[in-house]
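Structures given as structure tokens follow.
Across the two complexes that follow, subunit A remains constant while its partner is subunit B and subsequently subunit C.
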Partner chain A sequence: MEAVHPSSAAPETRVFSPIFKYPSAAAPLLITQGAEALLYRSTYLLPSIPCALKYRPSKPYRHPILDVRLTKHRILSEARVLVKCRREGVPVPAVYALDEAAGWLMIEWIEGEVVKIRLNEWLKSRKEGNVADGVDAGELLDLMTRVGSAVGRMHAIGVVHGDLTTSNLMLCPRSTEGVDGDAEAPKMLDGDIVLIDFGLASQSQADEDRAVDLYVLERAFGSTHPRAESLFGGVLKAYEKSFKGAGVVLKKLEEVRMRGRKRSMLG
Partner chain B sequence: MIAIGLEGSANKLGVGVISHPPHGKPAQVLSNIRHTFVTPPGEGFLPKDTAKHHRTWVIKLVKQAMKQAGVTIKDIDCICYTKGPGMGAPLQSVAVAARMLSLLWQKDLVGVNHCVGHIEMGREITGAQNPVVLYVSGGNTQVIAYAEQRYRIFGEALDIAVGNCLDRFARTLEISNDPAPGYNIEQLAKKGKVLLDLPYAVKGMDCSFSGILASIDLLAAELKANPGQRDPVTGELITTADLCFSLQETVYAMLVEITERAMAHVGSNQVLIVGGVGCNERLQDMMGIMAKDRGGSVYATDERFAIDNGIMIAHAGLEAYKAGFRTPLEESTCTQRFRTDEVFVKWRD
Partner chain C sequence: MALLQTVHLEHLPQSHAIHVALYQDIKNATFLQQQLLAGNTDFEYALIDAGVIVSKRHAFAAAYRAVNDLLESRLRSRNVHSEIVFSLSPNNNASESFRRFGITPSTTNLLIIKVTTPSSALTASEIQSHLTSSIEGEQVPFEDSILQQLTDVPRVKKIYKLNSNGGGGKKNGQLNGTGGDGLSISRNGEESERKELELLVLGAMALRGVTN
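Right, the complex of A and B next:
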């Protein structure tokens, strides 16, 4: 996702409900424009509690009936899924407030950066070729392991994400305990994985849905970070260990991949 | 440099002659002709009959294309043909014709990926620099972006292609396949008003159409068995036009959504629509509204270049030829499965 320039942005013309207006909250600041939603930074209850405000404006290209149906459904299902994940200990932002008819959802603000950015920076800092050869792969493999087990934990509780990409995985810096002042600089790929953007998530235990989730991630990975594609196996390895039914899902994944291969049959 | 292109991966046989003037000036279309195998309403095109159609017409079309272009054999630099993906038998018929021309005229062969042909022609015609490409046709549904010498597939249909969904629904309704089933659905949809509830199946940047087809087929069967149904909200009479309208509104909303998601993902605000379904004006409108909302623009071509044609094969083939690519006679096969991302795009930075 590409950040817009909050400083140079024209004065916000959207009408927000009073809860978002100063002094009850910091004026919403546009952070990014995703495909479906606009993400703002604001505060919740106290000026010291930052929050993310996800606003789904109506999509003028869609038929109005379809648009209302999709917006409502997505806000509600996102909130339900987030609450469920939170309750079961899957790392996701907490839900603070929502209004599905007005199209907004207010959630916890997660510090850090998305994996896509950190990974690309990391890849840039490495010399060509090293990644595939495994010379420098330890740190990256460690990241893959954390991604794999986070996705596994989510699947284990019966949630599928629906849009797993490296833009929807955050690397949240571990709280620096400050044991010693001159500790080595934190590594670029360090941090806890937090899953974000559950806009297309649903509750499902089906192996098919889980496998498609992995397939989407695998493909997004391959197309966004071609140089690190060979290490994607690390994600699947960690995933396999993360819950009981994971082996079956990986079998199913092979089927989904095959189906993908056959898809280019006709022209 | 001048190339002739032969395309026949589905029910259209196309032959085109293109010229690439020196110093990077825009390509010139010297001729671009097509002959379509049209089946009766309610029927699709079978590989065997389609191949026969192509065999019957290919010589005539090549002669006509050469004549129209005003070129002779010695002006031609290479012969380009569709290597795949597509239906086996029709592909083979055209590959045989291309091989024959190559031997007869003593010219190099260039095997071209059909999808890359669509993309390159779309870029050339519209001038879009580095767009996110939505490739939608009877056999393919892909959201593509270029990165590091390949056209990478970000999203695609997980089961049947969007065009296949439309074509098959046209068969259910037994409406005409002339000039194309999708075109006739589009005309009917213009008269529709009532939006019926259909599944909406988007998974990230991928989508699925088979469930929608099953639902709309069911609705059509219900309507046939029990005409005179009314919309519960407005009380309007539900017609087949409403079915077409609902189908279009739903599947195109899905396509625009996955395209927008890919644009957000790669940080681009240009969209290029290619493939036969790309001719649909409602899809182009919806895409235009979305792109405008993102401060970008949409590029689309008309039926000459969007629907399968020979000129795009000639164009993409000539790009590859100039970059040094050749297909030796003994390797001039064709393949039903040939993914867009398998092609090494040497001619772009």
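Right, the complex of A and C next:
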């Protein structure tokens, strides 16, 4: 959900599938597109309330009846998981509205940027400043800790994400006092972690599923920077403290690391 | 500023306007409820007990859903106004939703929502004068600050089943500083708790009828 400014967006990104028959004050803006869904920035109820609009267009290659059923099922299950998380204090966007027949889900707009981008910027600025790896990595470790406890809280309530990458973790700036200030914010990795994109999430208490979440996240950090992967221990440390069964999951993670995300087909 | 507020909600046609009025200390709740039960067409309003309304957004969300369902021809109740009351419900029990959210003889603070459509076009002043002549009570501005004083928070939490895990209070406001929602930016604990309650309520409403 990177910030796309209307001015820099090509005109065609404003083309709007007929999700809604009736307009809003400003046309919804296409933010990103996945295999299954389109994500728009739009408004809910009033022009002053931004929202994220996730639209699942119908797939022409699917049988129409199956298509409707799948879309409906996915919208509802994502909404249910989000509501459950929010209710139990897991940091996720709130659900505003949905229309499973029309294929859309409207959720809270989360300000900020995904961890992937912020982390890359941070690494870049350190490189330019010739800061040696490992020096003063406290800020990064701190971020890892926040990630670990957010994921732990999600797992603790019986939800697994299913696609836990650094693109699905938002860093949301803390309460903006003075909004403009601190041009070069000294703390680039500051902010609250918000988990997003629950399109592949499910309700599960299985250690296996939880471990795979962690494994996928570990790989995602690793692909950003080797340094980040070595600090992944910070995530696990915070995770371990976040709920009772976490220790078992970490054991399981070692197993998953040995074989990869998929279960072995052998034996 | 007029006490009756008229808004056009996002993603609804311009022809469908939402008019909202808030009354305190009403004296003729029984009479008003009877007009609804008798199907008196002069009283096509959503008459909502303001005690179960958390915020303006909460009310608008119910209106949005009802009008959207009206446009999609899938009303579950008699008309768009009863549907607004039903939209507030976290479950599919319509008569229970009227008991919980609708006007009852003991209602003292009343939120009134009127939807005007091309087939029932009334001006805001016509609506206001009808309300003035039929509601015995003090009309007050439809504002969050006033609504909040009228909310029965424990009752709201009970209805939406938000008690089990301290729903809302638990995360100490460290969630989601939703900037730029047009509301006040500064937020003390109480304010962010109220905000969180509102978001949980909206989620519960959105999931109404979700079974599959």
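In the analysis below, the second predicted complex is superposed on the first by the 201 of 267 C-alpha atoms of A that agree within 3 Å, B and C clash if a C-alpha of one lies under 4 Å from a C-alpha of the other, contacts with A are read in each partner's own complex, and residues count from 1 in each chain.
We take it that a residue touches a chain if its C-beta (ideal position, glycine included) is under 8 Å from a C-beta of that chain, and two chains touch if they have at least 3 such contacts.
Quick caveat, the model's predicted, so the values are computed rather than measured.
Once chain A of one complex is fitted onto chain A of the other, the partner contacts of A:Pro226 are limited to subunit B, with no touch recorded for subunit C.
In the superposition on chain A, A:Lys59 makes contact with subunit B only, not with subunit C. Comparing subunit B with subunit C, more residues of subunit A are touched by C. Contact with subunit C, but none with subunit B, is seen for A:Leu45 once the two complexes are overlaid on the shared chain. Using the contact criterion defined above for the overlaid structures, shared-chain residue A:Leu82 touches subunit C, although it does not reach subunit B.
Residue contacts after overlaying the shared chain place A:Arg257 against neither subunit B nor subunit C.
In the superposed model, A:Tyr96 lies in contact with subunit C only, and not with subunit B. Within subunit A, not a single residue is touched by subunit B in the first complex and by subunit C in the second.
For subunit B in complex with subunit A, the touching residues are 9-10, 82, 84-87, 114-115, 137-140, 145, 147-148, 150, 152-154, 156-159, 161, 164, 195, 200, 202-206, 249-250, 253, 256-257, 260-261, 263-265, 267, 285-287, 289-290, 293-294, 308, 336-340. In the complex of the two chains, the subunit C residues touching subunit A come out as 7, 9-14, 57, 60-61, 64-65, 68, 71-72, 162, 165-167, 170-171, 174-182, 185, 187, 199-200, 202-204, 206-207, 210, 212.
Put simply, subunit A touches subunit C in their complex at residues 20-25, 42-50, 72-73, 76, 79-80, 82-83, 86-89, 91, 93-102, 108-111, 172-176, 179, 192, 194. Against subunit B, in their complex, subunit A makes its touches with residues 1-2, 33-36, 59-63, 65-66, 70, 162-165, 167, 200, 212, 216, 219-220, 222-224, 226, 256, 259-267.
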